[in-house]
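Single-structure report; data block below.
We just call them A, B, C, D and E in the order they show up, numbering each chain from 1.
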Amino acid sequence: MKKSKPFWAFVILAAVVYGVVQFFTVSGLLNIYYSNLIITISINIILAVSLHLVIGITGQFSIGHAGFLAVGAYISAIATMKFELPFVLAIVIGGVVAALAGLIVGIPTLRLRGDYLAIATLGFAEIIRIMLFNIDYVGGAAGMQVTHFTTWTTTFVCLFITILVISNFTNSRHGRACISIRENEIAADAMGINTTFYKVAAFAIGSFFAGVAGALYSHNFYIIQPGNFGFLKSFDILIFVVLGGLGSLSGSVISAILLTIISAFLQQYPETRMIIYSLVLVIVMLYRPQGLLGTREITDLFKWKPAKGGH
Amino acid sequence: GTGNQGASGGGGNSDVFKLGVNMELSGNVASYGESMTKGIEMAVAEINKAGGVEGKQIEVIKNDNKSEAAEATNGIIKLTSQDKVNAVIGAATSGNTVAQAQIANDTKTVLMAPGGTSPTVTVDEKGKVRDFVFRTSFIDPFQGTVAANFALDKLKVKDAAIFSDNSSDYAKGLTNAFKETFEKAGGKIVGEESYVAKDTDFRATLTRIKAKNPSFIFIPGYYEEVGLIVKQARELGITAPLMGADGWDSPKLVDLAGADALNNTYLINHYSNEDPDKKVQDFVTAFKDKNKGEAPNAFNALGYDTVYFLADAIKRAGSTDSVKIQEELAKTKELSLVTGVLSLDKNHHPIKSAIVLEYKDGKQVFNTKINP
Amino acid sequence: MALLEVKNAGIQFGGLKAVSGFNMELRQGELVGLIGPNGAGKTTSFNLLTGVYVPTEGEIIFNGKRLNGLPPYKVTQSGISRTFQNIRLFSELSVLDNVKVAYHSLAKNSILSSIFRLPSHFSEEKNMENKALEFLKIFNLDNLKDEKAKNLPYGQQRRLEIARALAAGPKLLLLDEPAAGMNPQETHELMELIAFIRKQFDLTILLIEHDMNLVMGICERIYVLDHGQLIAAGTPEEIRTNPKVIEAYLGEEVTSEHA
Amino acid sequence: MDWLQQLINGISLGSIYALIALGYTMVYGIIKLINFAHGDVFMVGAFIGFYAITGWGLGFFPALIISMAFCAVFGVLIERIAYKRLRNATRIAALITAIGMSLLIEYGMIFIRGAQPEAYPDDVVPNKAISLFGVQINSQSLFILLTSIVLMIILQFIVHRTKMGKAMRAVSLDMDAARLMGINVDKTISFTFAIGSALAGAAGVVFGVYYTKIEPLMGVIPGLKAFVAAVLGGIGSIPGAMVGGIILGVVEAIVSAAGFSLWRDAAAFIILILILILKPSGIFGKNTKEKV
Amino acid sequence: MLKINNINVFYGNIQALKGISLEVKEGEIVTLIGANGAGKSTLLKTLSGLLKPKSGTIEYLGGTISALAPQAIVKAGISHVPEGRRVFSNMSVEENLELGAYTRKDSSGIRKDMEKVYELFPRLLERRKQLSGTLSGGEQQMLAMGRAIMAKPKLLLLDEPSMGLAPLMVKQIFNIIEQINQTGTTVLLVEQNANMALSVADRAYVIETGRIEIAGSAAELQASEDIKKAYLGGL
């Protein structure tokens, strides 16, 4: 089967990444700073890839992704802290509830187009955040203290599943249906594609993985507060996706990695940090408006050249 | 790298004392982090000029936590494992301090919070003290209690309204303590309203409060919003005494609210810029010299004091070993600082006297001193 | 029984009756033309048939089923597919994927089967790919299968759009000005192609076109709309000589246009 | 009669939102860009006004005009430097650039002068309580309302009665076709940015006078609110921006007055979403469903 | 009147026009025919300034216009009816016509020309207040023509004006082109409908993949066997 070759390449690559990081961590060659950075990067990749499905593949302009991150973070934290459920179960619950939230948000709003959809999703995310502010059960503004459970292994497994599921979905007739909606909704409809169903489905899947990322997030950073899930957080995720190249999964991954590293590196230059970060954004966009990889995947770069150029 | 931290925190034997500063330097509450950092840097410069700690110069390594918990965690991990700092001063707000507490304890790095006023900063969910975490300011319940008692005893009010910042755990802590004390002593809370940091228009809610006609309004919050609240309250014809806590203290409050509006308002503070005490006046003068004549606020003073709090413990420990510093910090008694005389209880909560100041024509005037 | 029955259908936009009292019957296997002046309501009637607009009056019955109010994707799934007056390809997708998308509703495997890569996913994908390639071959586009649709020249884009519409497996195919922007040579090739696919796939075809060579050349029957109303229907010969049609649409000497 | 006071509070706040929203809507109208840096132009305007008043001792109107002029130039510069190159890029790329510009302006400002707030002096505009129909109304809020209304009337005139206005609409619909009509597209876009930014600058000064406190991140929330107002009214529509702004201000005042101040922002978004669901293109937006 | 000397035009790296030279004399109708993608529209866009030639010059009324911005070219009297009509869809028919006269200042002249356009296209008068985006294809084509006439051009560039039009309408449009020409406007006409184009034109150029392949009088080309075979559908 032709299609399974990249699949096995991906599995092998993943296993190698996991093994190497695990080995270095256990052997102490990788100090806690780097292993924590790797976890942060992985969480950001999950976020980027999940939003990539919504924006890059389905073409639905959602800028409220932090809302689903918050749902996953809080629900999973409630599961472990209040109900003392196992962490793995909490991750699943966080994802499922975030997906439900995605359905609730998606069904009424996804009939909106373009910027109207954008502001509606942003609005929903803000509503979620304001609700958290006002619920004393989860600590309101003071937030919730969460025990540290996130490990490299759990993070890696979640990351692996996220990428696998989203790329499998994309490279199937269902993914093509989503892409056709992005390309021309009227024509997609005329080709017999239930556009509402696929928009909502992509949104729910994206929300699910944002929720998973939320669970990893809350159990990695000791405390969650509603203020950490504002629209600026949504913008951060959006930036990963666009900077990587809309429609390119590997682009999202690469830009999530790069931007997280840049941001971590700049933490020690407080005075100029945000200035440099914003300049990077603007300059990359000015000189590469299609993003780092455009719509291509990193695997395309290794493909046999004449296959593309020739007529 | 050499892998995990040694038991005594980072590079013990170098000839500098590395002090990590993990503050809100961008994002929502950047102005508070910035103020504390100013105080910290000033104290460090003074100490270095006077020969440093245990013969070592203090080197400040700053880290911006972007006013986010996740970045605060990442920040302390970086400071402890990469920069191998000897101690960390960090976070202006309680949440972002809590985000660092576990790592500080795990890596046995002293973490000093200038302003983490929530009790949870030094005590974990299970009620256990976090050995390596300390703070300079009072805790919320103390200030809330002080305010309630002041209102009842000095202002002789029987009813009060509360207008608090719902987005800060600080204000919420104060609110709870105030309410409890006030009601226990027979006072009546006639109205409770809240706002969110960064709000600018409080008129609608103030109009509601006015309708309840309270004889006293407690406004726990930070000066940025409080200034506007006081101004708008007076514009709407609210004449009742208003009161807040150390979050109020800043010369900017007078600019924001206007001197007239501030008459008949009170705040609890650690100290007063007007205090003739030499320590205070030296600090105020030195700060003004450094900052183009700008007078210091409570955040500046707390940042400044936190460094001296730490330096005192190092001196008593006679070593820069963090376990020894930690032990001495916990034993701090009667340490005289700009923000008052500080002793720690077993939960690392400072026992400090508070003073109540009254605004008269834009000047803070000493009213009462309250001992814990 | 007729394959498609349009009974008194119409639609109003604000005050404008774009189409009204439209009656039409298509029998299985027919090739029928729909002509009329610009703005007569031809495209609008396609939109009524395909569910883009919901008729404000009348009924549309296809294959014994009432279509009124069905969303476009359901109309397509029940056997009507179309091309657009302004080409609407999935421009960033490859030529092959454009056609595969149209196969979508004919495949059965679920989202989960694709995510978990169950055997049904692979068999459906393979099937889709083979079928799509077959179509591309018919339309002489197979050598361009990996090209992005937007990079094709205009004429080939038109043909791809027809191929895509066919891949959705229609019984009734609606073509909106398929020859627009083509030169006479290309138009001629297109005519042959339309005739061929009708036979090959046992299709019923309804087409809008302003090129009278094409319409008169291949249509068996013709409906003529003007101002939203049906003004004539009949064989090409009848239409060509119908004075109403000549006045409203053809102009006097259309028959002699070509030597 | 509290409610009247509340209503006036709401309308005053709303008219500030409206002034900012106008710039959003105009820029969006012409290049379909959600110019997130617009809120920061508002912030810069507030600071320019502040320095003009405290530094040079100017009065309200000269300060207002200086701030508007500065912001007009500033807006045009932003457009020329950051957005012009991206006219043919995807809109989302331009959006990210706008977010980048927004951060750059905010943190550039913090770099220059720190993050601490600044307070507008109290006596820029007479601040007296006027009795009107038996209610106390703050003279400042009336003043601000009047300033905003006058500016909006001028804007209406420019857009609907001048050739430039028509050119703006043409450019917004089809840039190349507008060129073929003899319209100088670059000039038209710059002009749009200039007007929108000048209004944001004016809003900044008005805001400073009315709310006293200004700081480098002050543009974020009003910017977002103004954007919401613009969408609420129908983005691209000038009356829509005004109505949207006022509605938002009044809703916020009512919700706070009813004692739900914590839910105020949520209420604003809920109204937004409800309106979008009922009328997907906002109150004044034309429902431009694509003709098939 | 118009003289194009050896221009080369690129889209990125793709060369669309390869050394094209041609000439239009005052008062003529010149037609440009050629297959899809030959470069006809590209040439018109270059003339109206939407594209800039990499090399070569365009002379118009004695001056060089190849470096001018589109608005300057419009002012100089060249009007372009673009491929695909490009009407301002959210504006009414009337507003579209007004925009056509954007560079003009003589309001009475504008009003007169507006009446003239309504006379030429009565359908537009009927739909005066309708948003042009909801017009049918043919109506939009009329509007695009009318809009160009409103600029009172000396030289009118028409890109496939008959595309998508009903036969009667096609005839009308060509009549109108001749009418416009007779009132003193020079016309450069791009067409797929070569038969019709050649019947109204004085001279013609055939363009193939970015090069001029054949040039001659309209009558000559209409008679040529090769042309018939390739472009006139005479098989």
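Definition applied: a contact is a pair of C-beta atoms (placed from the backbone, for glycine too) under 8 Å apart; a residue touches a chain by one contact, two chains touch by 3 or more.
Just so it is clear, the structure is predicted and the values come from calculations on it, not from any experiment.
The set of chains touching subunit A and also touching subunit D is given as B, C.
Steps from subunit B to subunit C, minimised over paths through touching chains, total 2. Using CA-based centroids throughout, the chain positioned farthest away from subunit D is C. Across C-D and C-E, it is C-E that has more C-beta pairs touching. For the pair subunit B and subunit E, the distance between mean C-alpha positions equals 74 Å. Note: centroid distance subunit D to subunit E, computed from Cα atoms, is 42 Å. Mean C-alpha positions place subunit A and subunit C at a centre distance of 41 Å. Note: centroid distance subunit A to subunit B, computed from Cα atoms, is 36 Å. Multi-chain contact residues, meaning those touching two or more other chains, occur in subunit E at positions 134. Counting only residues that touch two or more partner chains, subunit D has 107, 110, 262, 265, 292.
Contact of a single residue of subunit A with at least two other chains is seen at positions 133-134, 186, 271, 273-274. By the definition given earlier, chain contacts exist for A-B, A-C, A-D, B-D, C-D, C-E, D-E.
Put simply, subunit B touches subunit D in their complex at residues 26, 28, 30-31, 34-35, 166, 193-196, 198, 200-201, 203-205, 207-208, 211, 224, 227-228, 231, 235-237, 252, 255-256, 258. The touching residues of subunit C, counted against subunit E in their complex, run 13, 35-40, 43, 85, 153-155, 177, 180-188, 210, 212-213, 248-251, 254, 257-259. Within the complex formed with subunit E, the subunit D residues making contact are 163, 166-167, 169-170, 173-174, 176-185, 286, 288, 291.
Remark: subunit D residues 292 touch subunit C in the complex. By the touch criterion stated above, subunit C contacts subunit D in their complex at residues 43, 47, 52, 84.
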